[in-house]
Amino acid sequence: MTLALSASGAGKKSAHKSKLTSDRIRSAWLFLSPMLITLAVVAGWPLLRTIWLGFTDANLSDLSRTTFIGLENYYVTFDGEAYGLLVDPDWWNAVWNTIWFTVVSVGLETIFGMFIALVLNAEFRGRGFVRAAVLIPWAIPTVVSAQMWGWMLHDQFGVLNEILLTIGLISQPIAWTADPDTAMWAVIMVDVWKTTPFMALLILAGLQMLPGDIYEAARVDGVHPVRVFFKVTLPLIKPALMVAIIFRALDALRIFDLIYVLTSNSADTMSMSVYARQQLVDFQEVGYGSAAATLLFLIVAVMTTITLMAGNVKLSEGPQS
Amino acid sequence: MTLRQTLLATAVLSFASFGSAAAVELNISCGTVGKGQELCKEAVAEWEAKTGHTVNVISVPTSTTDQLALYQQILGSGSDDIDVFEVDVIWPGILGSHLLDLSPYTNGAEEDHFDAIIENNTYQGKLVAMPSYTDAGLLYYRKDLLEKYDLPEPTTWQELADTAKTIQDAEREAGNEKMWGFVYQAKAYEGLTCDALEWIDSFNGGSIVNAEGDITVNNPNAVEALDLAATWIGTIAPEGVLNYQEEDSRGVFQSGNAVFMRNWPYAWALSQSEDSPVKGKVGVMALPKGGEDGKQTGALGGWQLAVSKYTKNPEEAADLVMWLTRKDEQKRRAIEGSYNPTIVSLYDDPEILEAAPFIGQLQDTFSNAVARPSRATGANYNKVSNAFYNTVHEILSGKTDAEAGLADLERDLKRIKRRGW
Amino acid sequence: MTQTMKRRIQTGVLYALILCVVVLSIFPFYYAVLSSFRSGTELFSSSLVPDFSTIDNYIGIFTAQPFGTNILNSIIVATSVVVLSLFIAVTASYALARISFRGRGLLLMTILSVSMFPQVAILSGMFELIRALGVYNSLPGLIIPNTVLTLPFTVWVLTTFMRELPKELEEAALVDGASSWTIVRRVFLPLMWPALVTTGLLAFIAAWNEFLFALTFTLSNDVRTVPVAIALMSGASEFELPWGRIMAASVVVTVPIVVLVLVFQRKIVAGLTAGAVKG
């Protein structure tokens, strides 16, 4: 008797719960719908169109005469010679340039961003001013800051050479953006300068949502701050940090305007986006360029997946209890 | 209502309806830069007053590559957002299929212009653009320094290099640490194609691809020209020249830190401006010859006006183009803005010669300028130019020598050509 | 004694570090300010001493073109983008972070994949879309594509933050029978301020700086945004760069961002509770 009652009670409760769950799921989709509709309407069409054009011979001079050519943009043999993206040395050069650039610049930005965030999280006088100052590099439009740096890095009247010469670090001016050995480093330097604030701000937001009592406890126990950072802070802000890294990496893998303004189409610094743009716009090869963009997309997707796995990010993880 | 009033009302009505039927609105992109845009706006205003139509002058990016990208975007989608375009001398082959044939509207006016430019503007038998002004690469030099060291104006590239070296070394000795012999444009971009084409052509090495579409760039004269040019980097030209565009070289020259500079005619007026340290010390001449049997040459530049095929008002747009490229207008532009006319007879015009002596003096350079192979290679021109300037850039930065580089280039160009240009 | 010494050294090191960061961040901006007060051949000088010899550049940018309108356009576009994307993202990220349903991981990846295409590749598709929607050469024609650019980022960041909040928060509200919308509004929003302000600020800057779409989707000067207006500034002749004016314009447009940060930084600080990391 008691048993049956409790069983029926449990059944009622779970029925109530499952109704609640299905209600919740329904409201989840309702909540998601504005975003899904926006993305489907505005992003869906251009993206699918790009993938489709990658399988055609579309040319900008006459887009109406577009025919399907299968995988020819990727690989085809003609007169015994192989053509297509997969055998194009320029493309692979661009791929390696981009990956190298991404790893180095995002790595540096993460380290510096973390450092600045920790500093900004401390209490000191004039913090508001410092916060604003740190954000300035990010706030200047890229088109402008790239030109500005191009000017400052100029070998003849650039201020950077002037300073380095004055303090005696170099004996004669360096052609930063022209010398193949320094061109990529110049690009990386400007990118790090420009986007570290982005990292710092996201990490800072993460830091500020941390519960304060953990630190209080650690302080009372006399744990060394460095240890606290690695054992407490880092694991706690990891989700926020991973998101910041992923979005920075996505931007870095698609880097375009900075390289384009600083070194234009030079092979030493050509990135995947610059390559795709050159094909799409300069060469009018809409089909081939779209194929490059699609391949870029695949490479980025693979690298993002690797990053997500390496960072042990669980996409379907629920709220922490 | 009196008869008079009725008549008046009818007249007003018919006038109004006439006006609304005829007055059209056009969008034009012309003259992206200060003086050029000002001149264009004035001329457009005159045309508006004359015809009663409305014209909006649209500003577009100053970088020509970005301009082309924007135009391709607009034309590629068949949009009528811009009716009249200002196009670079190398674009008729690229944009040609989207442009209107102007020959029905010219009444033979094209015959007054330089033949070479009209030919350049003809795409598949259609005249797709009317020339507005022309440009050519020139050599700027420091008159005062040549006089100081008692050296003549160089006639060959070798002489230029020797003179540059002598003056540069002497000036540095005298404490002018920043002095360089020669600055030009060697960044991997379209400007390097112009510069390198001038070197090769001055050695009689052809223009990369000839008029019949054959790839001619791999020849001993071209090798000689590029090998010579490669020796300049680091000796008479700063290494940074490998990333210079027009303004970078002008910056060095105008601050008084270079003996020679290769640049377009625009640099003249600026070097003579009030605050210029080299004001009154600058001379201009045609670029040197390759060797004794070489020739003086300069890369052909300049701008044309074209009408979009998708315009709703082809007649009015074409009329506007004809208005902006007519003789009086070119004369006004030559006098007020030193824009080199494309109408042959204007080179004898006394008023122009008085206002800009420069134009008459260099008439040969302008009429004999070497065209980039944009006509022969059509829509593939940008690929050819890109392959060319990248190869030259590699040769100049010492990554490869001219012989191997040009052989590679020939193979690349053949790949691009594949089934024909 | 040693304790105070230690503290003093720590403070000293902290301020030295702050100084380094500040100098590195604002030096190029300082250089831009310097250049904005120079004209003609002076611009080629690399001297670091301010001379303020001319304010023509500042006058020039407002008289030679509708730069005031451009700034206003940028403010309208960036603000709308922030409001739109935060609104869409808050609701979406609540669903993604707090409600478990099948396909959630896949959905997050799909959203992310929107950010994986190079902008230039989707440009022509976007161009056709903008024209089909009839918003070419108008401010909505910039707001729509920019929202799509910032949306994946805002959704991801907010989802992460919401996920970090303890479960108990909404459980109490759920037991009380509150609707999901009420939970978002009453429970989460007040806690999300630091994250909202941060992402909003980053989205604002991203929209403020966006160039390629703004250039392609506008034609007339009075609907253009600031970066395009700056990029289209021209010198007196074809190859001449109006460096002084570009720098003056950059200084002018950076100021609103700095003001914005100063205004909102209180909100960023609001999330700071008693026991934050101390020196």
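A few notes on this one:
To keep things simple, chains are lettered A, B and C as they appear, and every chain counts its residues starting from 1.
FYI, a contact is a pair of C-beta atoms (placed from the backbone, for glycine too) under 8 Å apart; a residue touches a chain by one contact, two chains touch by 3 or more.
A quick map from chain label to UniProt name: A = ABC transporter permease; B = ABC transporter substrate-binding protein.
This is a predicted model, so every value here is computed, not measured.
Judged by the touch criterion defined above, the protein chains are all mutually in contact, each touching every other. The chain pair with more C-beta contacts between its two chains, of A-C and A-B, is A-C. For the pair chain A (ABC transporter permease) and chain B, the distance between mean C-alpha positions equals 39 Å.
The mean-CA centres of chain A (ABC transporter permease) and chain C are about 15 angstrom from one another, to the nearest whole unit.
Counting only residues that touch two or more partner chains, chain A (ABC transporter permease) has 157, 281. Across the assembly, chain C contributes residues 44, 123-124, 128, 231, 241 that each touch 2 or more other chains. Chain B has residues 76-77, 251, 255 in contact with two or more other chains. Listing the residues of chain A (ABC transporter permease) that touch chain C in their complex gives 20, 24-25, 27-29, 31-32, 34-35, 38-39, 42-43, 45-47, 49-50, 116, 118-119, 121-124, 127-145, 147-149, 151-152, 157-159, 161-162, 193, 197-198, 201-202, 204-216, 225, 233, 239-240, 242-243, 246-247, 250, 254, 256-257, 272-273, 276-277, 280-281, 286, 289-290, 293-294, 296-297, 300-301, 304, 314-321.
Within the complex, the chain C residues that touch chain A (ABC transporter permease) are 11, 14-15, 17-18, 21-22, 24-26, 28-29, 31-32, 35, 44-46, 48, 87-89, 91-92, 94-101, 104-109, 111-126, 128-129, 144-145, 147-148, 151, 153, 155-157, 160-168, 174, 179-181, 184, 194-195, 198-199, 201-202, 205, 208-209, 211-212, 226-227, 230-231, 241, 243, 246-247, 249-250, 253-254, 257-258, 261-262, 265-266, 268-269, 271-279. On the chain A (ABC transporter permease) side of its complex with chain B, the touching residues are 59-63, 78, 81, 83, 154-157, 173, 175, 177-180, 263-267, 278, 281-284. Contact residues of chain B toward chain C in the complex are 27, 32-37, 56, 58-62, 66, 70, 73, 76-77, 79, 81-82, 245-247, 250-251, 254-255, 264, 266-267, 269-270, 273-277.
In the complex of the two chains, the chain B residues touching chain A (ABC transporter permease) come out as 65, 68-69, 72, 76-77, 94-98, 178, 187-189, 238-244, 248, 251-252, 255, 257, 379-380, 382-383, 386, 390, 393, 397, 399, 415, 418.
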